[in-house]
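There are two complexes below, and they share subunit A, which is joined by subunit B in the first and by subunit C in the second.
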Partner chain A sequence: MGHGTYLTSKDLSARNKAIEVIKSKFSEIIEDLMNGRNPTLVIRKRTLTNTIYDEANGLLKLGEGVLKRSFLNVNESKKFMQTLLIASIIYESLKNNEYPTIRDLYYRGKHTIKYRDLVTRKVKEENTWDEQKESDSVIRDLEVFIDMLREDMLILSKEKGKVVGNMRIRSGDDVIDLSKMGHGAYSIEPTPDLIEFLDYDVEYVLVIEKDAVFQQLHRIGYWRTNKALLVTSAGQPDRATRRFVRRLNEELNLPVYILTDSDPYGFYIYSVFRVGSITLSYESERLATPKARFLGVMMSDVYGSPKLGKKPYLSESERKNYIIKAKEMDIKRAKELMNYKWFQTPRWKVEIDIFLEKLSKLEIEALTSKGLKFLADTYIPHKIEVGDWLA
Partner chain B sequence: MSEVESVEKFRALSPSEFFYRNREIAGFSNPARALYQTVRELVENALDATDTHHILPDVKVVIKSEGGDGSRTLVNSEGSAEEYEGVLYSVQVEDNGIGLPPQHVPRAFGQLLYSSKYVLRQSRGMFGLGAKMAILYGQITTGRPAEVITSQILSKKIHYFKVSIDIANNTPVIHEFSIMDKNNEWHGTVVKIHLIGDWQRSKQKIYDYLKRTAIIAPYANIYFEDPEGNIVMFRRSTEEMPVPPREVKPHPYGVDIELLKRMLADTSAKTLTEFLVKEFQNVGELTALKILESAGLKPDLKPSELTLNDITELMRSIKASKIRAPSGRHLSFLGEKLIVLGLRETLKPEFAAAVTRKASVYEGHAFIVEAGIAYGDKVPPSDKPLLLRYANKIPLLYDESADVMRKVVDSIEWNRYGVTLPAPLAVLIHICSTKVPYKGVGKEAVADVPEVEKEIELAVREVARKLKSYLSRKAKEYEEAEKAVTIAKYIPDIARSLHTLTDGKFKREELEKELLQLLNKKLTMLKIKSLKEVVIEVS
Partner chain C sequence: MGHGTYLTSKDLSARNKAIEVIKSKFSEIIEDLMNGRNPTLVIRKRTLTNTIYDEANGLLKLGEGVLKRSFLNVNESKKFMQTLLIASIIYESLKNNEYPTIRDLYYRGKHTIKYRDLVTRKVKEENTWDEQKESDSVIRDLEVFIDMLREDMLILSKEKGKVVGNMRIRSGDDVIDLSKMGHGAYSIEPTPDLIEFLDYDVEYVLVIEKDAVFQQLHRIGYWRTNKALLVTSAGQPDRATRRFVRRLNEELNLPVYILTDSDPYGFYIYSVFRVGSITLSYESERLATPKARFLGVMMSDVYGSPKLGKKPYLSESERKNYIIKAKEMDIKRAKELMNYKWFQTPRWKVEIDIFLEKLSKLEIEALTSKGLKFLADTYIPHKIEVGDWLA
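Entry: the complex of A and B
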């Protein structure tokens, strides 16, 4: 190890596992080459048509479709090179005890190939890649190829999610008490699989889309009075937050409630937690929480629903003040949601229909405007108590 | 002037006078054209005197301005009311040919239509008429006779003549004559003619003519000194020469009634049967008897005793009889090799190809069409293919738009052969025949004879197909080279990555070698010997 590097045992074993997997997967490529065969990477296709919704488990999965990326295929040879290049860089940083970010990987692999065009005899230049989205794309291919997520390869990303509550965890070699974070909160580390849950006194997990609302609930000690673990994704959830929430649900059997704005975008954030992102379905098996519950804010909370025999939480005049007119994008997204299998339930249909009828939306902040007390003492606990959530 | 009138006048006048009055039809219509035509006639005689006799031609052409200060001269020639405005030039053409028998020189240069034999041979000029026209023109415009120096191969003497034509009587006039001893191996002929010409206006054509002659005769050395003092040398690029043409008797289908009359009058044959068998090709006794039977003429009739009616009947019977088609064996074509060589040396193209068609026949005359194509590199791009026309190895420079060759080339859909116009494309067409079907008397354009047109088209299409397959092979090669580069340029990165992924177990050089070998195995048209050919630097 040397150089004063200190690695935790969890870190080290994760590292060694990744090294072994990469090595064994690429030894097949070497074998192809040394036996005069066209070296070929066989990778499951990450296309929409090869994405399947596994209804039994409530997950998105990659289908059986594969793409063959080979050295001698003119249309694939660059991608072939890029995939090997990124693999070798990741492999090297694993061995060197480094923690690159995807941005680092982009820079490490970016260089110029100066070559001669045999037809025109002109000297030309080409970069291994020009934009980060190209290296990001081959990182995803590599994840699928070796069946490992980037976090397992110790690739770090920005921390975004936060958590507070009555729970102790081990991160690295330290024990962290999530109830002793002061006014702050614990930032969910980019490698949530290296976290160890120690002990806790929590009855459910409440995931809040909006960081500001999370802070307000934290300050008034919502988690203390309600035995809740408060999590925020601060907008669109990152991979670490999703994996962390999934582990809470799967390993500790804690129910997970999601609280977002009342609009199609909020519904979509719930969908990402629950099913995963359509375009990144290969992660879904590890990152999605199929049992996550959508607590609100529901359209029926705002308008009530005669069909459900449900009364609104807002009065006519409050509603008038708080609702916002829906934009073109919201309507488009609502229509998209209707295509997703997991939104095609009678209950969700009621919600989406109300939206399409009223063409208006409501932010959670509107409920805090009605009174933080209303949100903390009435709205959330009441809905959980009566079971007014959607799956 | 219609053809009938021409013939009439031909009868009334001496041949010399006839041609003198109609010199424009022989290409002497103005001083510029006359200078070009003079060069052309003398060069063609020079080539006929050499390659036809298996001698590698060394031709020297010198045009000099003889007007001193180069000012325009107005000449009022004897017996003519016309005036010629231009500059006095001399044109001298020297060859290393077989030379002329001295006793023939006066009539060969001083008498028109000097020829009594009715055998045919493919030659550049017809009976040397062109050179005599040049002498006649020079004589008319300057009053000066032509000078001829000649020596035959085995002769120990050199003969010098100053000769002109007595126009009214069509007889040669010898102004000077001398014999010198020869103390070297020289043989050949030098002809020098003074004339009123226009160099500035004929310069381009004369250069074009010589360049095109060099293309079709790559076995010739052509030296040219122009009046401005510029010297150009077209060097021979091969010592291989085409097989010379052989003399051949006329085919019965190829004679007209006038020629038949003359042949009947001049023949030494005693009977009609003998006449037909002896004077024509492809006529045996059996065929002769059949022809005569169908004409209602007795086989042992004396040829000179036929009436006009008999001759007409004989003519009709000949045309109606089945006679084996004339063969092209006596024709002298260039052959694919020489055409390609000529095109390569002169136009410096990227690709050149040629085809020589089998002999074909029109109206009793055998002919052969050859076509060549030069494409790319130094060939100048043009909207229409550059056309190089030749008839019996003579470049045709005038009246291109009237020529059936142009018509054929323009009718070809070049894009079907992989060429998108404008393109660096030159098409050479050569027709050789004992009788080239010229359009008009100027001998500058080939007429639209269906059989000839068809052969030209087949020749051009055949050679165009060669171009097409070259271009498509090249396109495929380019495509493969592009593919090869696309893959090869990533080899260093792939090798480096695999080196890392195997913990250095495989050396980078070894991996690069394996990858390159794998790539080369897939390539069919090229191989990359070393990665350095493609990859310059990876940084």
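Entry: the complex of A and C
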């Protein structure tokens, strides 16, 4: 039974970089402490009112608003100390070649501090935090403060994204050929910034919401015959999948097409890839893919649209068998989407209007049930060819 | 934009085999129809009363009870026709090089049949099925009837299982080196019976419930230093992961250790690997790993056990910070587990008794927060070395 740790060179350099950044960002705090000054953290606010939609770049970002956290302010000192606590735990874990998760960090920092009340002179107890959402929030503050994502600090998380296609990448110390995965797939690492793109023969990226549909298209070699890189987010995309897709688009200039169910939840998944979450706008500067294209399934694919001069892909009787009635939640979500700037285009309006008129939705499986060949040889390539996608 | 389909040789031979089996199993039905006899399907019952725990082999299986479905019996004819409908759709999809999912099959078979009522002479309508659970149930009947799992008929599904380690496998037409996955992992195919094990330098299989913990152990090269094959089920295991683990145990004789949270849900995940689901016992004959070992986290690891002469891995103060109070659901599940034969051992009784006494649970992340090295260099290898696992 052997012991010991194997570290890849990529991880080692990422580690050293994060250590340097944390050191330098906190050096002022340490100086203040050494010189008897009241140390204060100045961090950009993560509030909704400080969130801006940058139309030119098509993404959400934080504005200039900041919050201050002083050590010697009763209202701020707990948050101040929580921030320093998480920074020191992460710093230690970087030094010790650890790979914590945010759940680990919650546990590592969770303890009870005993102190004497200055007024009553009684011993009191205070927990560093009680719930993970508290430590998570402090981790987010730290990410904003040092301008690094948690992944850059080698904080890991579960990872659902998969990829196959004609591309070779370097991950860790290995070269991986994404076209040699057999019937399986390559599961994307939780730190996708450490991936190096080597060579590829790919014309576009097709991101598929549903893992099972990804499996189907992979199995008939869609990526071979269409020079596509197939990615699945297996539902709501996680951070690593979003960052991976963004890098493919930004660094390799590959167009990104998103394929989901035809319903407001599918549109929302596209929105997460495209712009990110409103409440986590600081991430979106690095995780969002503003140029991502919504390929389908569109409401106008299901019903056609006289306005667009577009015929439906489904016949009346197919619709009868495949259509599902919208639920309360779907309608609520559709109305939410209409508040987002990036859905306020004439073309998206057509789609959302059809949904609100028909109050119906369609799963992508309804298309594969017309024959996988229909999806693979007709629907997807045709829509890409004629440019029938939404930005 | 190229069209066409790429089929692996493994898929082609699997396809032909399934076609032959379906043909032969239904030949009698066709003969009956040709000769004017009332065709009848005889299928082993999938009911709880027809489910047997085979103690010698440690798995659930179907008993000898059968049900009959005749075409010319009003109470049975709908089910009879549903079974033939699903068989013909699957047969066609095998012939047409399709890879349906069970959701596809639901959609493909869903349609309305018009007929004239023999008594009232009015035209009536009847749907083949309305909900997927109906078609799923018929697919299960077919699996039992032809004694093949759906995967053998190239029915795909979403797939969460991942693997890394010192092993080379053949999947499709590719040879895949599971030790060359970089920081990512190999995502197991939905048809794991088509995987060929080539060469390996592995002493045991470690199955980790939580994907994030899998990522952590992978990242420090646990599989390198311990000659382990690391697998994650990413929560409740799917069929492919279960079948993959079973094959590793059965064909390569590798011991299988399961690592989950210390709570009745974690014990239940072990139970699914070990025996399978009671309501789907027909699967368990091929998906279960009766020799799977529960490595932890055990209640006796958390609290120690005077009865076992075992010291806890956690100190009093660690427990104070890490322990979570059990929920109603946990207690309910613990009591359910006690009904299962395979939990009615003195050793499991100790564990469940500690749980019911303390009404507490512990997440595996609480151990990694003691340091990933603790988990990787102490906890796991020590428990394997001294044989501190439950069967």
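The definition used in the following text is that the second predicted complex is superposed on the first by the 373 of 391 C-alpha atoms of A that agree within 3 Å, B and C clash if a C-alpha of one lies under 4 Å from a C-alpha of the other, contacts with A are read in each partner's own complex, and residues count from 1 in each chain.
The working rule: a contact is a pair of C-beta atoms (placed from the backbone, for glycine too) under 8 Å apart; a residue touches a chain by one contact, two chains touch by 3 or more.
What you see is a predicted model, and the numbers here were worked out from it, not measured in a lab.
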| item | value |
| --- | --- |
| Which of subunit B and subunit C A:D54 touches, first, second, both or neither | neither |
| Touched partner set for A:K180, first subunit B, second subunit C, both or neither | second |
| Touched partner set for A:S77, first subunit B, second subunit C, both or neither | first |
| Touched partner set for A:E285, first subunit B, second subunit C, both or neither | neither |
| Chain touching more of subunit A, residue-wise (subunit B, subunit C) | C |
| First, second, both or neither for A:G36, with subunit B first and subunit C second | first |
| Touched partner set for A:D353, first subunit B, second subunit C, both or neither | neither |
| Which superposed partner A:H111 touches (first subunit B, second subunit C, both, neither) | both |
| First (subunit B), second (subunit C), both or neither touched by A:S171 | second |
| Subunit B versus subunit C as contact partner of A:L85, first or second or both or neither | first |
| Residues of subunit A at both interfaces, subunit B in one complex, subunit C in the other | 111-112 |
| For the subunit B and subunit A complex, residues of the former touching the latter | 478, 481-490, 492-494, 496-498, 500-503, 506, 511, 514-515, 517-519, 521-522, 526, 533-539 |
| Contact footprint of subunit A on subunit C as seen in their complex | 1-8, 10-11, 96-101, 103-105, 107-108, 110-112, 156-160, 162, 169-176, 180-191, 194-195, 210-213, 215-216, 219-221, 224-227, 234, 320-322, 363, 365-366, 368-369, 371-373, 376-377, 381, 384-385 |
| Residue ranges of subunit A in contact with subunit B within the complex | 22-23, 26-27, 29-30, 33-34, 36, 38-39, 71-72, 74, 77-78, 80-81, 84-85, 87-88, 91-92, 111-119, 123, 126, 128 |
